[in-house]
Each structure stands twice: as structure tokens, then as C-alpha cells.
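Chain naming follows the written order as A, B, C and D, and within any one chain the residues start at number 1.
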Amino acid sequence: MTVAVPAHAPSSLIARYRAVRAASMALAAPLTAEDCAVQSMPDTSPVKWHLAHTSWFFETAMLAQRKDYRVFDPAFAYLFNSYYESAGPRHPRPRRGLITRPGLDAVLAYRAHVDAAMEDFLAQADAAQGAQALLGLQHEEQHQELILTDIKHAFFCNPLLPAYRTEAQTPRTAVPLAWRAHPGGIVPVGHAGKDFAFDNESPRHQVLLRPFRIASRAVSNGEYADFIADGGYRRAEFWLSDGWARVQEEGWDSPLYWLRDDDGTSRVFTLGGLGIPDPHAPVSHVSFFEAAAYAAWAGKRLPTEFEWEAASADLAHGEVWEWTRSAYDPYPGYKPFAGLASEYNGKFMVGQMVLRGGSAATPPGHARPSYRNFFPPAARWQFSGIRLAEDV
Amino acid sequence: MTVAVPAHAPSSLIARYRAVRAASMALAAPLTAEDCAVQSMPDTSPVKWHLAHTSWFFETAMLAQRKDYRVFDPAFAYLFNSYYESAGPRHPRPRRGLITRPGLDAVLAYRAHVDAAMEDFLAQADAAQGAQALLGLQHEEQHQELILTDIKHAFFCNPLLPAYRTEAQTPRTAVPLAWRAHPGGIVPVGHAGKDFAFDNESPRHQVLLRPFRIASRAVSNGEYADFIADGGYRRAEFWLSDGWARVQEEGWDSPLYWLRDDDGTSRVFTLGGLGIPDPHAPVSHVSFFEAAAYAAWAGKRLPTEFEWEAASADLAHGEVWEWTRSAYDPYPGYKPFAGLASEYNGKFMVGQMVLRGGSAATPPGHARPSYRNFFPPAARWQFSGIRLAEDV
Amino acid sequence: MTVAVPAHAPSSLIARYRAVRAASMALAAPLTAEDCAVQSMPDTSPVKWHLAHTSWFFETAMLAQRKDYRVFDPAFAYLFNSYYESAGPRHPRPRRGLITRPGLDAVLAYRAHVDAAMEDFLAQADAAQGAQALLGLQHEEQHQELILTDIKHAFFCNPLLPAYRTEAQTPRTAVPLAWRAHPGGIVPVGHAGKDFAFDNESPRHQVLLRPFRIASRAVSNGEYADFIADGGYRRAEFWLSDGWARVQEEGWDSPLYWLRDDDGTSRVFTLGGLGIPDPHAPVSHVSFFEAAAYAAWAGKRLPTEFEWEAASADLAHGEVWEWTRSAYDPYPGYKPFAGLASEYNGKFMVGQMVLRGGSAATPPGHARPSYRNFFPPAARWQFSGIRLAEDV
Amino acid sequence: MTVAVPAHAPSSLIARYRAVRAASMALAAPLTAEDCAVQSMPDTSPVKWHLAHTSWFFETAMLAQRKDYRVFDPAFAYLFNSYYESAGPRHPRPRRGLITRPGLDAVLAYRAHVDAAMEDFLAQADAAQGAQALLGLQHEEQHQELILTDIKHAFFCNPLLPAYRTEAQTPRTAVPLAWRAHPGGIVPVGHAGKDFAFDNESPRHQVLLRPFRIASRAVSNGEYADFIADGGYRRAEFWLSDGWARVQEEGWDSPLYWLRDDDGTSRVFTLGGLGIPDPHAPVSHVSFFEAAAYAAWAGKRLPTEFEWEAASADLAHGEVWEWTRSAYDPYPGYKPFAGLASEYNGKFMVGQMVLRGGSAATPPGHARPSYRNFFPPAARWQFSGIRLAEDV
């Protein structure tokens, strides 16, 4: 695996490794072993699986190179490989919730085993190995976000609607929406500089944009509620054909996690349990289909991922991932990472839409303006919202 | 709920209550909280759910009558009702594995709460209440068998194939199969006497049988292996039409839990983990379809449930439930239990086949010759086997 | 194939052959080639397929024995075999509607070819061959009923709701329902005498019945409407568990073919097109689940197939097939027909319920009191109705 | 509906109308009424439906404006609306094959009725109406291609594999594959000029391309056979993740319509029946997934739709639609047609890939270099092939 990134001093790498690994543990801390074992739908994974899989990644991509490394348990290669065909057969994704053994305790022991070996590895790592380690940490940060989105979904499937943590609900004040103008022209997009980036952000290249305007902030719950009140979910004219079909099939009439009490009061399920939707917070947990329908209703459109990137310096973002009007296609001249990581991003470049920005569940410092997140257009369990754009 | 059974002295009832409840706890003892939470298919339930549901049954059918009873948690009525429409809405059966909370600890506390109240209830129980309690205990015994069948299936879904318990594998000696002749004629069937029986065993009535012969023991693994070796799973002529379709769809080529090593050695998954099939033990985990196909291949047939009952005194049985050639229809004059228990048996009297006898997983003393177990013809996760019969 | 029936003079056999074959053609006469090609669900078949399959049966079971017989088209063995495993592979049942070629014309030519050869065959037939021919004719009569039920379903799937034929709608007068008492005891059931009967009606044997009473006529549309008006489809307490699940899944709220105009007027789709339900006609196109739920609502039960047969001489029947409370199990000592016909009935003896009596779509003279029709409990596209019984 | 196209003289429009409508009839000429009624999968439609729907389009988008127009049959609006939400409810797409009535004769009468009215309409058409008529004709030409792809699929579902027409199979000579270099830079894409184009080809705009090379011709059957022989369908490393999943689920091991005789000889099903694949003809009936896997195996990539368009003047194309590496996203500033046609293209702009070029089944003159065809990445029943590209 060759990942071109600058050399890091071993000591700083070890510190970063410890911090990232500790952050994963902290996310699991409020959960019982039972909570960590459940899988609520094929798209999600058990928290325990995330904890193990991220360790498997370090073990497989790095530690296995070392002759003196003792594999923790040979069976884990089958259990905790996610989708790497080159790493051999694996447990079927929809059945991850059936793995009651190894238990959480054993998975934590696995983490400790890998951590000890990785400290050793990092202390002696050359530049290429350091780069591999950085990829492993970025990978773990992505799973940290998934730990939150997946346990949120699992708890929502429990009629008791348990809270994952206490969340202060401070009412927010309205932020007026402004329109940022961009003159278009030839602009560079993609990753620049020497810091880590994923292969799908490269090569940096130029694109030609028309002039456009883009909203200064994401669409709010209150604005989205107006769409609903205006019959948004009942009027086909706003919807892409596949989106309209999904509305019918699934009976969508609001974002995921919006509920109504018996008396009609709106509620929203959060990691802090059942709460009241804040009209001034960004709407979240909408699919691309809903984002596009909202934009059509508003007489606007979604930005392309290149418009988003070109304008990003002027935008308030980071609370919700923002659906763009761009399908997840490869950049011109795209080359996947080598080795195991060749399957990291490239093989998913069909049938998905790009999201930009990052969410409140994204680990701090993980995202950047060139970062390309991607999900299928019907996905709603991520913290995904809407930003509007328009032609000039 | 009126269940006509004789009065029991409170003290003996309390002792029996304690013994049955303790037996359930003993079955869960080898399991982790994670093990107890998993549901491996819609037909099975988590062990934790069995532990809670059996308590819910006592609470709903008995304790709720008492004004001074404090319900442990009002939400449990929704979570742990199995299929009783008269007791209100309930959590969908295929989603029982998503209930990570209440955790196992909370469920054990629920059991303790119900146990304390039941001891009080039983101390003052009149005859009708004693009868209700007996039904609750029989109900719990049925779930004890399901705890074993369901955890076996869950562990089989785990690629590690964990063992539930240590099981001594003592090779058995061959028992010759003898044919017991029965003269037929008018014979009584159904429950007689004053001991507990389920509503589906009544009313006792007379049936007219032709002379027949019935095998003295169940079909063995070795005999079943001959059927497989003779192309049993590839020859349509032995199979009922729906059975043959199932063979194709599911790729059946042996009983559930039979495996092959890479070198072709036969293995069988048991509660003791992976073992070697004993040719002299009864074949188990076959569907009705497989039982009927085996009988056709052997040039015999399955007994009807009435033949089985009429001949039962002469038979060695109790290791595996035995599929009969009788659909699960109501007895003439059948009346369901009253109250909650009216939904216990009667509403399932279509689409199922009767099994007789009891298995090694059945709590001792639970079954009796008139006992009618029932499952759909494709079910294989129960300890179900085959007994042959023939016309004279 | 050995079917034990008395010898028929060739001339009478030929006349009967001609009459039956002509009756099939008459049923197809109102239909276009397009009508004859359509398959509206996997349970039904195209009319063209029925016309061809019945010819294939004569060709395969009889004509193929003759050295001088020239098979009409060797490909037809694959296309028009229904479910006979012993006759080789066949076109998948759910795809029968995709066979646009051979067209209806070619199928009619096939019929003519088989008819010519059969006349020759019958002229020289010995007793065994005559028996085979009788079975072939009975078989064709069964498909005549299916032609009607299947085209009715196909036309119902067409939003234009075309009429198959003109049907006079003469309002009927109410017939009071009387209860016929039967003393029970040992009664003979099954086919007696030398006329043709299917293997599933044999052997004639004795059963022991309790005294019972049985309704003199089938339940009427008006009576069934009372069940609906009383919330029959919304009250779980009347339903078998699988039936209630089906009500929810399919949204059943009336018999198949009952419709409502925009103004709420009840309509019923018939072979004569859209009409007004006659309150005094028997309710039809109900499943076993609905029949059993109606009986529970009425405080009665369905008769067993043996009660029905024992009482049949006293009953008005023949307008609708009547669901009994008997699963389709083999009679004691049951032996299937030999040869191809061994797959005719026996392999379906699981998962189905017995219906007795015959319907207005049954060819005259086809049914008899010992006749056992059978369908899965959810089937509704047959002309199936309800007769009540009760214990004494 | 406003479609900006130049004025046509009525007489030339009428001539064009007649020619296009006659071409549809000619395509149906070899088919029986039964052939025209069948629908072999939800993606396809009956030929009869195509004949009716194209007429419905003229009726609804044009004739309905005229007060003196008499609708042929008011029920047809429901039966023959494809997906236009603004035109009201419609018959479910997967059930189009159940419409045996109106029969083919009635549909032909419908066509004649619309034709007569359209001649009148065209004789008086203003520019806007002329533009509408042109759209209707382009629409009908698209359905002409579908008539061929859909009947091919239907005939392939028939075990007899009938031929739609006689096709001369002239062996082709090998054409060497050359690589055309393109310097990249800012190039215009999208429709230019005044002739008809679909809304999705506009607005014409500039894109910035890197230098690239593109193959002079499409990949041949022989070249594709090398991919298969090299394990192409068994090696995950060439496949997009969703493509690999589809290979497993559907058991793909060759393009659709490739077959093997019992002796292993390769065969290919064509509109002329079963034939021998010509190694020098372009491979056809591959999905985007297969196209992308082939390119990966060949060490190349698919061109983007803009590369294709920029290079198109130098390419031999038109035998098969060519999958591009571009998802079907809207062009910057895209505005859908107005009125009914607003649903023509825009609402499908998600989940699909762009194909360019045209096929042997495309009506002559229908396609152009800016033409954007689109299908889901797994679609194989179109005449879809592969062109390679590479970075410089």
C-alpha cells in the first residue's frame, strides 16, 4: 500500500494513534455489551464490530508485514473483514449482529493486543509505514462517526427510545440565510498540499464553473417544516422518479427520526433521546431524494460538489453533511491507493451521491473542503442535510 | 381463564413454581448477556426475551388481577407479549433481537419482582388460580425447550460454532428396530384424568383405527445416512411437492446441523459444539418434508398422531419429537381455554403438522402420550425426528 | 398407470371424449388469442396453456405407448408438463404467460392432432386403456373449471373489468337456513362403487363421528355482509393466526371480487362483468381463513370433510366449493395411482384444506359426495364458500 | 410545453409524421397479437403498449388542446400513461402484460384515430405546435428501439427461442483497434444549432478536459471472450462493488443472450434467432458493470461522456450504445421542457449512467453526438457495448 504523505516523527504518530484509539473507546463507554452487539439493519454495524474491524485494519494492513507479530485470533480475519476481497472471504454483512462471541470483552482484549503491537510498529515506522498508519487512523475516525450513526439507529428501533448520552438542548437563534456569489471560471478542485487525503480527492485538477450563488448556511428544521406543511411529501412534481417511488414504498412524510406524539406534537429522536425539534438547527437525516425535492420546492437547486468546494471558504458548514447534485464519479486520472486500500474508495464509484462538509458526529479535524463523503441517494441514517444553490 | 385442573396445596405449588423458574435460570447460566440478546431468525427468540416473556405471562394472566400488584415496567407489556391479540399491541416478532435495553440485568430483576409477587399469589391461590399458575409453569417449560433450540440455532449462525455446554459423547450401541403390531379398532385418544393438559389434547374422544404396525424406535443417523447415500435429496419421487420445492430453494442435502469438513468427514453441530454424528443415535433436526421423504424411500409411512398415541405404551420415545402424518386440526368438540389463554393453541390450527413424544430438550415430566406438539412442515430447528409405520 | 374402473364400450368412450374436449373449446370460444395467453398470477395459468396441457396429458399418458404415434411437437413436453417430475423437466410455472409461441392457432392444431390419435386409441382401447382415458377426461374437466377461475382473475386484473360472457342477473329469493342433525357413529366415507374416482377418495373406510348438526345451505352474501359490518375483518378474535396475518398483509376487507364504487355502492365482479351482489346468493371467493373467521363470528364452526360427506344427501350444494375444517391428509391405506398419475394427488397432501361439493363452474357430473378438492388456506380465486356446522 | 425548435413547413411535418408512425407499424408487422401483448419483465413493455402509449402521447400533449378532438377512449389515459404524474394515475408498470383488452386490433384503431386527428393538427400547427409534434416523433422513435429490445427479451424467455426476423449472418472481418488522441482543453458540449434535441442535452456549455486517448471502435465479441477466458467473471479485482454483488446474485458469466450448447459451443440469441457469435462484431448486451470490469481488466478505462462527445467525429460508432464513465447528472443551468414533457428526462437524473452513440436498433437519424441515453448500471437488455479510453 503506497499512500503518499509526508513523514511524521514517530513520537507524534504514537500520540495521534493513542488519541484516536482512545476516542473510539470513549464513544463505546456509555454502551452495554448488549448495545454493542446489535445490528439494526444491513447498512449499519454493531459497535463491537466497528471496534474490532478498525483493529483488524491495522493488523492486516500493517502488523501482518512483521514476522514477529502474533495474530490475536486467526478467526477474526473472517469475522472482521468488511469488504476487502483481496483479504479473503468474510462474514456476510447483514449477519454481523449474530456474532455474540467474541464478546465485547474479547474485542477489547483484541484492541489492547493490536495497540501494543502498533506502538512497537510506529516506533520503528519508516515514511511509508507512517503513511499507512495515518490511513488507519483516518479509517478509524470514519468508523467513529458510524458508531454514532449506527447506535442512534439501533436505539431508534427500540420502542423504549433510549438515550445514548445527555445532550443539552439550548434553543438556537435564527441565522438569516444569505447568498454567496461565485464568479465561476476555471477553479482548482481536489486535494492540495502534503497532508493526508483519501485517494478519491485526487488528482487535484481544474474544472470550469458557471457563475452561481450558494446559500450561506444549511436549510433549517423550520424551513423544512414549511416544505412538509406545503404538501412536499405528497406532490410528485418536486421529486426525482426514484425518490417519489421511495416516498410511496416507505411512507416517508418527514425526515428520519421525526415523530409525532399522540396529540400531534412534533418530536425528534436524538442521541440524547426524544426531544423537541429546534426550528433554527439544520435539518438532518434527510436523503438525497428529500434534499433534491426540497430544493425544487424552494425554486432552487443543490450545488455540485465542485461549486461547494470552490465556495467553501465563505460558508458556514460542519453541522450536517450536505448532499450535492454530483454523483460519485472518479476524478480524471484517478488512481486508487495500492494494496489492501485499493478497495477503499474506488470500487464504490457508482450509484452514490457526494456529500460535502462534515457533521457534528465527524471527529474534529477529520474532514476538509476537498473531502468527498458518499452514500446512496435513499440513505437517511447519516447526519445529512441540505444546502441550496442557484444559477445567476 | 378457566383451566380445569385439580387443586394443589399452595406449598407444593410454590415449590413447583420455584423449581420451574430456577430451571429457566439454569439454562441461561452458561450464556453471556450478548448471547441472551441475539435473535438468529424470525422463528427464534432471544433467550432474554424468553426469560422476560414467561414472566410477563404470569404478570398478565395472574398478577394483574390483584389490586395491590405493582407492574414492574408498563413498557414490558409491549415488549414481551408474544402473540396475544387480546393483550394489546406488541413489538414485532422479527425485531426481538433489537431490544438491547432492558438489558439482561433488568430482565433478571423483572423475574425477581414477578417471583416475589407470585409467591404471595400462590400462597393465597384458590383452585382456579392454582390452575392458572400450573398453566404458567407449563408455558415456561415450553419456553425452556425453546431456549435450547434457539440458542443452538444462534450459535450455529456464528462462524466460530461455539459450544453451549460440555456434552459427553458416548458412542451408542445399535438397537434393532422391531415392529409393534396394533389391532386397530375403536381407541380412545386425548387427555384423560385430572392432571394438567393443554386444551388441544381435549376432548378425549374415540377414533376408529385400522390395524397397523409401528417401529419400536426412531430412525437413526446411520439409517438416515443410507437415504442420503441413495440420492434421497436428489430424487423427486420420494418427496411431497412442497418439500421438493424447499429442497431446491434451500439447497437441503442433509439434516440441519450436519456439516462436512474440507476432507469430507461428516460433522454435526450440537449444544456441545462440533462433533461426530453417532450412527446409532436418532436422526434429529429434520423437517416433516424430510421425514415423509425418508418414509417413502423406506417403503413405509409416518404414523398418524392417533396411531402413535394408541401404540405409545409399547414404544421407546422421548429423544426426539416425532413427526406424524397428521395435520394439526382441532379435536371434535374442541374448546379453547378461556381468557388470555384462548389464544394459546387454537389459533394455530392450520398449516402445521403434529409431533408426538418429546425430546432430550423437553423438561422432564413435561410431555405425555396425549401431548400434541406442532410446527410447520419445513421447520428443522427443533429436535425433530422420524418414526416409521406401515399398514398390515 | 392402473386406474381401476369398469370397462366402457369404445363407442361410448369416444362420445364422452368428444363431448369433454368440445366443452373445453366452448369455454375458450369467447376469448381472443391475447386473452388466452395471459397469466395473471403464479397460481393461475393461461387458457391456452390449459388447452395444451390437457392434450399433453393424453399424449404422454396414453398415445406415447403406441409405436405408430407421431408426437406433435417434441418441445411441447417441456412447455406443457405441469408438475410431473417423472415426465422430465418443464417450463417454470410462473412463466407460463411468456409463451406467446406456439400461438393459440398452433395449440388448437395440437388439440386436433391429439384428438385424431385418441379416437384411434379409444377405438382399440382395452379396459386399462379405457380407464386411463377416463382419467384424462376427468383431468380435462378439472382444467375446465380452472379456465373459468383463471380467466376471471385475469380479467379482474384489467382495469377495464371486461366481461367473459353475458350473465343474466335474476334476483334470488331468500332461502331459510335449516339445521340438519346427524346422529354420528361409525359411518363409511370415501368412494364406493365402480365409477371413476380419484385415488385420494380411497380407500373407502369407516370413521367414527360425534353427533352434529350442519346447515342446510351455504352462507349467503347478505349474511357475510353482516360479518363485515360487525367489524369481522378488524377483530382478531375470530381469526386463525395465519389468517389474521394475511388480513393485515393483503389488506383484505371483503371477499375477492367485491368492490366499492366511489359513492360506496357495493359491486361484485363476475364472469358477466361488474354487477350488484345478490344478498341471497352464496358468498363466494373467500379463503379458508375467512370461512373459519366467519364461522367463529357466527358462534359455529366449519364441518369436517367426513361430517360433510356423511350428511351430504340432505344438503343443498353445488354452487360453491365448501371449505371444510379438515386438512388434506391421506386416507388410511391410501395408495396413489400408478405411473404418471402417481403424482396426481398424493404429493400435494400437506398444507392444503379440503373443499367439498362442487361449484357452478364445475362441469356437470364431475363432482360427487366423496370428491376431495383441495387448496391452500389463503386461496380465494376459486368459487369457494362457507357452510356452517355445530356440535350437538 | 415549450420546446424550442425551428419552424417546419406543415407538409414536411406531415410527411415525417407518416414515416415515423409507419415505421412503428412495420416493426410490429412480424408479430402476432399474442407476441404484442407479452411483458417479460418489469423493465420491458408489451409491443402493443408501445404502440398505444406513443399515440397517447400525441393525444395528451397535442390533441387534447383542441376543443373539437374526441378522445378515442377515456380509459386509455389510465392504461397508456407511462410515468407522467401530471397526467394523472396510471396502470402499474409491472402489470402492463395483463392488458389483453384492448386487443391489438383496438390499439391499431386507436393509432388510426390519432393519426387522422394529427394530420389535421399538423396541417394547422403553429411553430410551437410543430415543435411539440417533433418531440412526439422523437418519443416514438425511442419507443421503436424499445419495441426491438423488449420483444427480443420476450422471445428469449420463450424456451423455443423464436426468431423475430430473418437476419443474414455475414462473417465480419477484423478491424484493428486504433487509439485516437485528443489534446483536452476547454471544449463545448451539449446540443448546438436549431435542430431538435432533448432538454437533457442543454444548455450547451464548456467543459475542461485533460488530454486523453480513445479507442477507434467498440470492443468486439472476440476481445470480450478473452476477458471471460481469463476469469473475468470470477475475479473481484476488476469489478465495482455493486457489480460484483450482481455477478454473484445473478450468476452472470457472459453477456445477456450468450448461451452454450450441451457440447459447449457458444451461441448467441439475436432478433434472427439463435446464431454463432461473430468475434469481429461489437460485444453487446453488457451492463455498465461489465463494461467497467472489462476496461479494468484491459488496463484501460471507460471514457467520460464529454470525452466521448469531444472525440466523436473521429470514432466509428452506431452499432451499440456505449457506456460512459459518467453518471447521468444535469448539465449546469439545465431546465426541463415545460408542461407534460417536464417529466420526460429530468426526473430520472439519479442512479443511471450515460450511454452515447446509438445502436443498430436506433432509428436512422435519431441519435446525434450530443445525445444522452441513460440506463441503470445493471441493465443488459439494451444493445449496449464498450468503448475504451486511457489517460495520456
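Some observations on this one:
Here is the rule we use: a contact is a pair of C-beta atoms (placed from the backbone, for glycine too) under 8 Å apart; a residue touches a chain by one contact, two chains touch by 3 or more.
Computed from a predicted model, the values in this text were never measured in an experiment.
Using CA-based centroids throughout, the chain positioned farthest away from subunit B is D.
Per-chain CA centroids place subunit B at a distance of 57 Å from subunit D. Computed from the mean C-alpha positions, the centre of subunit A lies at a distance of 45 Å from the centre of subunit B. Centre-to-centre spacing of subunit B and subunit C amounts to 36 Å, using the average Cα coordinate of each chain.
If you draw each protein chain as a dot and join the dots that touch, you get one closed loop, with every dot joined to exactly two others. The part of subunit B that touches subunit C in the complex is made up of residues 83, 85-86, 186, 205-210, 236-237, 239-244, 288-289, 292, 304, 325-330, 332-333, 343, 347-351, 353, 377, 391. By the touch criterion stated above, subunit A contacts subunit B in their complex at residues 32-38, 40, 75, 78-79, 91, 95, 97-104, 154, 157-160, 162.
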